[in-house]
């Protein structure tokens, strides 16, 4: 490889766009990845978010090529890589346990992909140094991985994953082994480095906070199915299903039957007033008599005295009794029991005043447009629409 | 410091346990009246020794007989050297110094009926009384050979009797009398065999060397011939008889059988020497010496012992043939004196 | 490290942890736990070893050594022993390494099956296995009989009473030791290392050469040394399966003890064999720190 080619190799390439089409995989009769389709642009960070067993790791391994796609295809930069062996897919990988080679020092670890790509031996040290600069750990070339802290090791792993500017960087719970503070600072680092080098990243996590922090797009997975795919804000504002809403943050799930009242569409819930906006009715195609679910985020709901709730117009509320007020470090969580027997929760900042104490009966009130409405009987797949 | 103290304590404890265990052994073996320990080679033979002799003797005399196995000459020497002898009587071949042996107690002819053995086929030695006889015989596979061999001359005739010959090559004793047989087949008068001309014997064996299959365990011989892996072999007649009973295609000839005996010996410093002599006297008495033959085809060594005709037919000493077919008698004393040098020559030849 | 089925790896881990901690100044649980065992080892191995060396030079004297070295059969058997031990080690490595790798990297059921197969063979008496091989290999044995029946051969293949048969038997006896040593090490290599390497452009063979092989090297070294040393002491298997030319030192030692009743001579032979083992260990130590062999076990933490 000539000097200028090496330059191109190092500087010239950025991440490629990626497209997953109807990808499926099964272990025995169980579909662990079930007909998943989405795409991301070059330079985007996509997070596969879901609980364990949701198929997110299997999907990542399909993209990497460790697990074959039983059906469907995977396209990177417009070309189909489904049948391509792992070593020819040009990917960088970051693992929860760092996966640094314990018998190689930092330089040889980072130079590993360069050696595989036959970059001249003499050219490697400067490229390695550059990668170390990028992860802000210059000068540790001679150290062995075991001499570095967890956070440092993950930075080295990051440097190794990006050193040859792969078309795709795959991260499998990259921050899972680190403590909270380190996790937060590395989240920022990952975004910075990805932007700086134009990397396309597919990240797997079960931590919704991490997903929101670093992602351009989030794919929410459950039981092998893609529940919803889109930018974090969209998902947060308009979760397509109860499961998505539930997974994207603490929320309250309220069941009821649609009826047409004086105020327009609402849930039939005795004393409570759960309003459905025209937007809800239109987008979910609601008709009276239908069983639906309204999801309200704990942060979106407030507590007000019952008499105030009854007099205020245009706001939804549910009557509930305060069961506990919990201090959770950075916020306060109020746990309540509704008349219908549901357990509800409302979040307040630490310095906010809470209108009530344990045992008080209050109204949990919210702006109807902040509630998410889905049909109670729809499957997650249909809820995706 | 604590570690050190603890370690010392543990060591002391372990050593004490060790001593107690060893001491216990000594006590059980040395403990005076009515006890003795017999050591054999193990296996079926020892089981039958127990049934034929040890159990009846224990019942009759009230002596408690404990058993051990297997016999190991090195172990005997070590026990005696260390003055920690736990065997009173042990079974040994003729290859463990019968006339001169620092590790053994001489036989007490006041208790053992030494006179019975005068003029018999198996001699009694200073340090050992023969307990039973057995022989190495030319064994052949009846399926593989179209005609039966009649003498050891056929063993050396690979043209008339093509096929492999199984020959013993384990930890050596007298090599099953094979050198003696080879010399006789080479024309040496059986009376002038000793001192053995080992080189001449090996030269004679060279003529069949390409057809030799070596075996190292006595049981293998019968197995090799029985399976047809070899067509002939120098196997034990007792094992042959068992294999024939099992229906294996095996037979053997008495011509030129090499008669051996196992001996009863007493280590020097055995804890119960008198009891040991009494057990030996019992086993080798004319009255009881034949009891073993009823269980296994090893014949009595005491010439005065009488066997029923059908039993006698299977015993080496009852099948002594005349003239050229006479049994080969190995000179145990010569072998004991020359074992190492002969073994070296044999090993060099065999490997 | 997970799963109960990786007992061996766990033991290695434990040992490695123990040794590492014992290296620290001060007293801890492992030092305490290990001390009595060390003493037992000292008493149970050190004392007899000393006695063997002592006896070799005094019973009756140094003539033992001149006798031993002057015996051409012994010299020949010494070289044959080394030759067979080296060959058996190589064969155990060639067969055992892939076995260990597959066992370490396959799924739970396959791994259990391979481990059970290994253990069943491991726990079967050496004599029984030796005679089983004889039944398979001899001229009238299963292999030759079947090949003849199928008309593939007229005369039996020469697969018994030669070095080949001795090696087959010894390899089967000894490979489990190597497999377990290597298996423990490979199990300790996180599969992510292999995935990372392949993701970064290494084909499987390159990944194996650059990652798995160097990381499992201590296990290979430990296994090879173990197999080699054990092979040096073998004699029943080569005696039964091999021909008289496959005479091993162990056979001479047995002969000296049982037939000649010259323990001093046997001790001299044992000391020579022991020196050979020491030489091998010293050579191994030149290429690899012995502590590495133990350290690797804890990599999976």
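Labels for the chains are A, B and C, by order of writing; each one numbers its residues from 1.
What we mean here is this: contacts are C-beta pairs under 8 Å (C-beta built on N, C-alpha and C of every residue); 3 or more make two chains touch, one makes a residue touch a chain.
The shown structure was predicted, so the numbers you read here are calculated from the model rather than taken from an experiment.
Among the remaining chains, A is positioned farthest from chain B, on the basis of C-alpha centroids. Of all chains present, the one whose mean CA position sits nearest the global mean of protein CA atoms is C. Once the centre of each chain is set as its mean CA position, chain B and chain C turn out to be 35 Å apart. Once the centre of each chain is set as its mean CA position, chain A and chain B turn out to be 83 Å apart.
If you average the Cα atoms of chain A and of chain C, the two centres end up 52 Å apart. By the touch criterion given at the top, residues 64-66, 85-93, 95, 97, 99, 101-103, 112-113, 116-117, 160-161, 164, 170, 172 of chain A touch chain C in their complex. Listing the residues of chain C that touch chain B in their complex gives 27, 31-32, 35-36, 39-40, 43, 71-73, 76-77, 138-140, 161, 239-240, 243-245, 247, 251, 254-255, 257-263, 266. The touching residues of chain C, counted against chain A in their complex, run 190, 192-193, 195-204, 206-207, 210-211, 214-215, 299. Put simply, chain B touches chain C in their complex at residues 2-3, 6-7, 10-11, 14-15, 72-74, 77-78, 95-96, 164, 169-173, 213-214, 216-217, 220, 227-229, 339-340, 343-344, 347-348, 350-351.
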